[in-house]
Each structure stands twice: as structure tokens, then as C-alpha cells.
Amino acid sequence: MPVILPGQFVQVLVHNSPSTFLRRPFSIHFVDYARNTLKLLVQVKGEGTRHMGMLAPGDTLNLVYPLGNSFSVPASHKVLLVGGGAGVAPLMFMGDFLNQKSIRPDFLVGFRSADEVSQVEEYSKYGKVYLSTDDGSMGEKGFVTQNPVFNQSPLPYDRIYCCGPDAMMHAVANIAAEKGVACEVSLENYMACGYGVCLCCITQTDKGNERVCIEGPVFDAARLKWQSNG
Amino acid sequence: MADLNINIAGMQFKNPVTTASGCFGYGEEFRDFYDLGLLGGIFVKAVTGSNRDGNKYPRMAETPSGMLNSVGLQNKGVDHFCEFIYPRLREFNTQIIVNVSGSTIEEYVKVAERINELEGIPAIELNISCPNVKEGGMAFGVVPSTATEVTRAVRDVYKKVLMVKLSPNVTSITEMAKAVVDGGADVLTLINTLLGMAINAETQRPVISTITGGLSGPAIKPVALRMVWQVFKAVKIPIVGLGGIMNATDAIEFMLAGASVIQVGTANFIDPMVAPKIVEGINEYLDRHNIASAREIIGALKVC
Amino acid sequence: MADLNINIAGMQFKNPVTTASGCFGYGEEFRDFYDLGLLGGIFVKAVTGSNRDGNKYPRMAETPSGMLNSVGLQNKGVDHFCEFIYPRLREFNTQIIVNVSGSTIEEYVKVAERINELEGIPAIELNISCPNVKEGGMAFGVVPSTATEVTRAVRDVYKKVLMVKLSPNVTSITEMAKAVVDGGADVLTLINTLLGMAINAETQRPVISTITGGLSGPAIKPVALRMVWQVFKAVKIPIVGLGGIMNATDAIEFMLAGASVIQVGTANFIDPMVAPKIVEGINEYLDRHNIASAREIIGALKVC
Amino acid sequence: MPVILPGQFVQVLVHNSPSTFLRRPFSIHFVDYARNTLKLLVQVKGEGTRHMGMLAPGDTLNLVYPLGNSFSVPASHKVLLVGGGAGVAPLMFMGDFLNQKSIRPDFLVGFRSADEVSQVEEYSKYGKVYLSTDDGSMGEKGFVTQNPVFNQSPLPYDRIYCCGPDAMMHAVANIAAEKGVACEVSLENYMACGYGVCLCCITQTDKGNERVCIEGPVFDAARLKWQSNG
């Protein structure tokens, strides 16, 4: 396997799904170089992911990877990783990566309800875990942005890394900005190619239209003009 | 090993396989995947008179066997192209053709004049068929008289090979073809995207920001093949054919219909290695059919 | 249960789901599959002035997410229709619309006059868009002035609801729409098939006997949606929308774009039960979105 | 299961094959009402049949059936069933059907070579089997029309039922006509619908263009104008 950094993604060719024409992008969830394995965490959304869910052990998958940039390496040890829904995917890899740099991050993960919650014990291997569910069926009730973690003033973090639904990332970025903490978000725009040639995946930043698949998916939240996404 | 060389309008292509404008960036992105010298040529992304931001996000919708895009000619303009991109393109060991776009005849002429000065760029492809810009673009490509006019204006200032890329969104593609031949085109490229639309029934909104956009991919292949065939019979100048080519079989179909050279567009998104695979596949086909040269299958469709 | 009734040009459809001409025979073939009374209506196969054998075999080619056909209006002519087919159609508890085709204005007029006499047939659909006949057919549907002329000639003799089915093979679908409105059309049907072509690379021959044929199926849905939307904004008369509708979601997209009624064509070949399933699916959609009547979603696309 | 007659066919919806848009027609190879089973014999030709070959026991298949007409019931016991390649499919069902009417037909089956030959013992349950292979690797060498069966004069049959490639059926029909034996052939035209509504599958007969899916697939060979097929 090539060198892969947390935040990077793969483009998956979904076989045998008549209505899935383009590849589908997924964050790299975990890389184990020793075992030569790469993990994806895939939430079934439509036909493409439904067909991926039908794959059996031993099936092969055609990937283009690693694509995109990656989360920055933090200068301090005070790091919070925030994820929501399927957006938690890259956090595991980032947690492992930070541990190897002797950083134990805090995790704040949000799900809709208890039955969607997964891998909390896994995260706790890499750092302390805070949990929110929209319906309060597990952890704190409400969105991650309502988690008491964010009530602390000043926030005990020098950097927040965030991935999840657009609205959630935007809200987290706003809190981070208010509290003066640097924040990086990983965007999930619609992509056609994934390697910078179609110009479909753009987001508006302080430099104009940038390609999420090449200049991103990870952006310094302060550089984004959120209104352009969707 | 069959002879894959193709010569059109005095330009030598080492094989008939090139990549379509807007689907291959400036080529550089593909250097990680393969040696660009394997290709017959590269048609680079549209260049306009000055910087264009393109359309708002979202710019893409997946459709049955295809996609809609509304990129809208995002590029940094011809000055930036000449200064920063052109020098890097010169390193590629393949034909580089620049796709020239604009909103006014003056803009097309300005860009063509600038590209004319660039050594090592043997041709431009005049894009009078982009459906994704408000003024200009496709408007030039759907009315014969304006198509003749813009072609002639560019012909007057551009001294190398002038290719003109036609829009399929017309009643008579042969009429359009003849119009740009009258204007002085050396080569015709067809087709650009079909104007289409996608709707999200749940949100009751259009999927892309511009409501309508350009349809590409295998869905449009039957229309593209038909137009190449009709134009092949109607005009004498060479044709560059494209529209939904995904593999060597598709490429051969376009050549049989009359294309001398083919372009691979959307397929690059599904398989970044597809273009050199098509070169390989054409060679295998020719060998299997005992055909000595790729030139022999151009327009060779048997219709009786 | 939402209200699925649609009223256009004084015709009552119990729901917006009808079946497209040429894709549903004369309805009878589907009686084994379901009660035709479940449908809003049936557009029967083209009827011409006299017997037509249609084109030679092969008449069909599969294409990516679609198919080409070149049936060529095979039918036994209007006399046979009136004598043998019409009486059987009257038994169906749904709206029956006859698709009227021809090679000359006189032929269109002759057929329309005959159908006008038939009680229980509330409308005809003038097919000026068939790409599969040598003269007439599509020729009438791609030039505004001739489209106006044939529509007006039929309007003069036909006293019930006059629908005109447009060809998508034109530069400006709105111009064509306005032309037939000028001729006196009550309703517009769009779209007919796109002109396409398929080649067998191994035999180096066209796949269908007529070389080119009509492209239908999901591949053309983006083009069809775009045309329905453009025409909806340009004219005031109701639209019957079709082109690649495979399920209720597709049907709803067409209604959001501006279609009052939709037709299911090629999808009948993939699932003979599809039309009543679409009725069901539209109902579910409306209920889920708390929309009381199907009429509310016609042209309701949110574009700001 | 409904009543099914030999010569009828099914239209198969091929799932998960992106390039297979339309259904695929296949003759009914065997029907066992007692066990409620229906068999197809499928030769892999392109993507549709390739995907059908990947089906596993227990998978479900969406069929429209029974479609088309059927072979006639012969008035005499002297019957020859001729099949070539995948065209042999309906012969097994016809053999069983004839046996139930106390008729033991002769079979003449042709294949390209020995390794394509299949089910010969099965056929011999229902009647005597003559075998041809193009390369002579099994049975008689040459096409079925070159099989010594056809050297007999007069032919000891009152009726021939034939299915296979067009050229083969045409040749058999010519021999039958020469020798004055009635012959029915089962055509395999390209179909879109399979139930009579698209008018794509026509063949030219003495009555003009007839639909192979409804008026056929079985036709009295004497009624066909072969030139129209292909």
C-alpha cells in the first residue's frame, strides 16, 4: 500500500449496480500497514452503498486511492475530533495517527439514536470519548454542538478536526471561531472524478472556487464560505 | 501490431485516442496514472478571454448511464494559461489541442490569437457548443449563420489547424457542420453534451444549480454515433468523434461511423486508466480482424 | 389516499398515469397482467391512412439504459382500426387516445376525420415526430411552419381534444411548442424518441435495418425533463410528459417539471406491471408529503 | 404454475447487470409440475447471460411467462426433433410432452464439438438420439443437416420440430420441404417486450409481418420468408 494520511479518501467502483454510474467517494476509516488492510465505514444511503453492503468477504473492490489532502499535524496535544453519523469514518484513522505522534485526542461523536452508535469502545482506545445522540437514547441528548464539551470556556483545545453533515460542521466551525480555536473540516461534496479534472466538486473559499477532491476534502474552516454548499 | 497512426489536416496522431476537454484537466492530474505519451492527444479544458469562476455548486448530477454537468467553463483565462499552464503542457509527448471558448466573437478571436503564438500547440478546438454559460457558448453553435461567422472570424487570425466542436442540440447537425466548413474549419469535433435536467423529487428542486446542464456518458452514445455518421456523409473534412465512449468497442463504432480520431470524456472519471486501455483494445481489434491500419476502419460501416 | 384526478382540456383522467403509443399495443395484451381500469388512460399504437408493413427486421437495438427502435408505424390502417380494434377498445374503463400518424397532411387529416366519428375516443395525439418513416413523420415535427400547418389542417376537421406529440430532435423545443399552439393544439405531448444509431463493431454493420432509429428509455430522461420544463414555462396549454419514466419517482419529476399527465413507454417492456405500480407510488408520495391532490405538484419545481 | 406448453418461453429480468436493460428471452427447457420447477438451459453469450451464470442456488429470478405459442401436437408417431447448440433447450420438454402422448420421438442434436455436448443420456430417456458435432469429436462429423438421418428416402418422419441457429433451421426446413415432411421451427429473433406490444420481433411470413413473440416463436417453416431474419 502507498503512504496514506488521515482525511484522504478512496473512489470506489460499484460493480453490478445498474443505477450507479460514477464512482463513490469514501473516507479512509483505518489503515493497517502490517496486515495490508484498508477499512471503509459505509452508511447505506442509496443504490451504490446498498450494493456495497451486499459484498461478501473475499470479493474484490476496484479503488482509486489515496485521494485528496489530509488533516494537518497538530502543533499541540490538545485536540478534539468531532464526528457525526457516517462522518465519523476518518476519525479512527486520525486517532491512531495522533497516538503514533504521542497525542491522545478527545473524541466527540454524535448519532441519531443509540441503535446507530457504533465503535465507541474502539475510539476509547485512542482517546477519551464524548457521546451525543439526537434523541438522548445514549450519551448526551441533542446535537454534538449541544454537548457540554462545548460549554467549557475557554475550550481546552488548540485544534478541532471535524467531519459529518454540512450543517453540523458549519455549526462546529462557528463555535470554534467564537471560541478562537482552529478548526479543520472534511467536506463531502458531490464528486464526479475525485482527482481534480472535472471541476464538479468545488466549494467557495477565500481563494475562489476550490476543488474539494484535490485542495480538500480537508479545509481550514475559517477559509470556507459555507453558503455555497447545496 | 497494427499501424495506429492517424493523420488529419496535416497533424500526426500516434493513435486515434485522445481525451476530451473538461474531462482531463490539463493532463497533469493523470501523470500519476500513466505516461501521457501513450495517447494520441489531449484536448485541454476550455480557455476563455479572462478568468471565469464557473457556475455555483452543485454542478453535477448522476443520470441513467450518464451525468449532467454545469461547470460553466471555470478557468483562469488565456493569460494565465499562456504563462503558467502552457509551459508545463509542452513536456507531454503527445498532441496538445486547446479548447477555446468565449461569450462574444471578440473573445473567441482574442483567445485564438494568443494560442496561435504558442509553439507546440498545433490546433485549437473552438467550443461553440457549451450549454453551461448564459451568453455565448451554445448560442453560437445552434444557429448556422452565427456558427459560420465565429468560425470565419477565428479562421482569419488562427493560422494552424482549426477544429470546431459542434453542439448536438440542433435540428440538423449536417447543416451546422456545413456552416462551420463554410467558415473555414479544418476538422469537426462532435458531439458536445446534450442539454438535460435532473430533479430531486424529495426536495422538489433541480439537482444542479443551473437547473439544466450538459448530459454526457454512454446514455448519449447512440445520438453521437448518429451525428458522426450523418456528418461523415455530408462533409469532406475529418471528424473527431466522441460521446459516451467507455471502451475500445465504442471507439471502433465511432471510427466505423466516420471519426478519424476519438475523444474519451466522462469515461475518465470511471476509470482513470481507460484511455490507454482503449489504445490497446483498438490494436487488438485490428489484429484480430487482420486490419493493417486504423485508417482502414474510418467510415467503413457496411450499410448494404 | 390523495386525490389523483387530473383534468386537462376538459378531459378527466382518474390518475396521471397513461401508457405511451407503440409501447402498449392496443391495450389488450396487458389484460392478462392487470385491470386496465387502473390507468388514467391509454395512448394506442399509431394509426395511419392505410396499411403499413413497417420497416425490415431487425428493428431493435439495446443501448446503455435505453433502446433504439425502427418499427416504422406498422399498423393495418384506419379502416381496420375503426372496424376491428375500436369496438374492443371501448370496453376498457379508461381514457383511450389514438395516436395519429401520416406521411402527408392529407393522410393526417383523413385519419383524424375518421377517428373524430368514433364515440368514446375523447382525443387524438398527432404524431408529427416519428423518426422511423422516410417521408412525413419527424419531418413535420422539426420545422415550425409545417408543424403549424399540419396541426391547423387537423384542427379544422377534428372537433375533440387535439394533442400534438413533439419531436426532441430540434434546436428549440419552445419554438416548436408555440408553432403547434398556433395551429390550434389543446395539449402537448413530449417527447418522442431521440434519433440515434447503433453499430455492431464485430460485423461492422448497423444493428437495425434502417441504420438510425428512435432512442427511448431512461437514457433520454434528462433531455425529456428539460424539454417539459422549458415548454411549461413557454406555453399555457397542458403537457403530457414522457421519456424514460421507469417508476413513480421519475413520474413525479415530470409532474414537477410541468407535466399534467405522464406516459409510460419503454418501461412496459421491462416490467409489464409498471404502470399501476406508478399510480400506487404517486399516491404514496403525495401522502408522505401531505399533498392533497396530484394537481398540486404540476410545475411545482422550486427553483429559487 | 400455469399450464405451459413446449415451445413457450420466459422473459428474464437480469438483475445487477448494468449493461442489460431489457429482459432476455429463453425457451422453457423443462417443467416438472409435481416439484413445481421450471428449467432453463442458458448459453453464455454476452453480459446478460454472464450475469445469469453467476446466480446461486436459492437466488430468485423475475420471470414473465409463459409466453408465445407452442409446437403443434403431431397427428402421427413419426416425429423428429432437431436442435443445435443452445437451441436444443425446448426439445427436452417437447420429448417429455410427446412421451405423455405415447409418442417416442427421435432426437437429432448438433454441437460444435464434444465438450459442448450435454444431456445426451437425458434425451435418450425420451427417444432415440442421433448426434452430430461440427468437428466430428463426437457422433457424426458435420452439421446436423449432414447427419445420415437425412439420407433416408423417404424420410421416416411425418413431422420435424426444429430449433437452433437461423441458418441451421433454414437448412433443415429446406430438406424437410424437399422431402415433403412438415416442419416447425422455433425462431429466436431479438425481442424488446416479448408480449406482442412493441412490434420489434417480427418475421416475414405469408401473412406479412408477424410477431415472433405472439404468433411464434414456433412457425410452420413453409410459411416463413427467411430472408428477413438478420
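Which chain is which? They are A, B, C and D, in the order written, and residues in each are numbered from 1.
The criterion applied here is as follows: a contact is a pair of C-beta atoms (placed from the backbone, for glycine too) under 8 Å apart; a residue touches a chain by one contact, two chains touch by 3 or more.
None of the values given here were measured: they were computed from a predicted structure.
Chains that touch both chain B and chain C: there are none.
Path length between chain B and chain D in the touching-chain graph (shortest route): 2.
Here the spacing of chain C and chain D, counted between their Cα centres, is 36 Å. With each centre defined as the average position of its C-alpha atoms, the distance from chain A to chain D rounds to 57 Å.
Per-chain Cα centroids separate chain A from chain C by 47 Å. Counting only residues that touch two or more partner chains, chain D has 18, 20. Under the contact definition stated at the top, the residues of chain C that touch 2 or more other chains are 63-66, 217. Under the stated contact rule, the graph of chain-to-chain touches is a ring, a single cycle where every chain has exactly two partners. If you check each pair of chains against the touch rule, the ones that pass are A-B, A-D, B-C, C-D. Contact residues of chain A toward chain D in the complex are 16-18, 20, 51. Only residues 22-25, 29-30, 45, 53-54, 56-67, 69, 71, 74, 217, 266, 268-272 of chain B touch chain A when the two sit together in their complex.
Chain B contributes residues 63-66, 68, 142-143, 169-171, 194-199, 201, 203-206, 211-212, 215, 217-223, 225-226, 229, 244, 249, 252-253, 256-257, 285, 297, 300-303 to its touches with chain C in the complex. Put simply, chain A touches chain B in their complex at residues 13, 19-23, 64, 189-204, 208-209, 214, 228-230.
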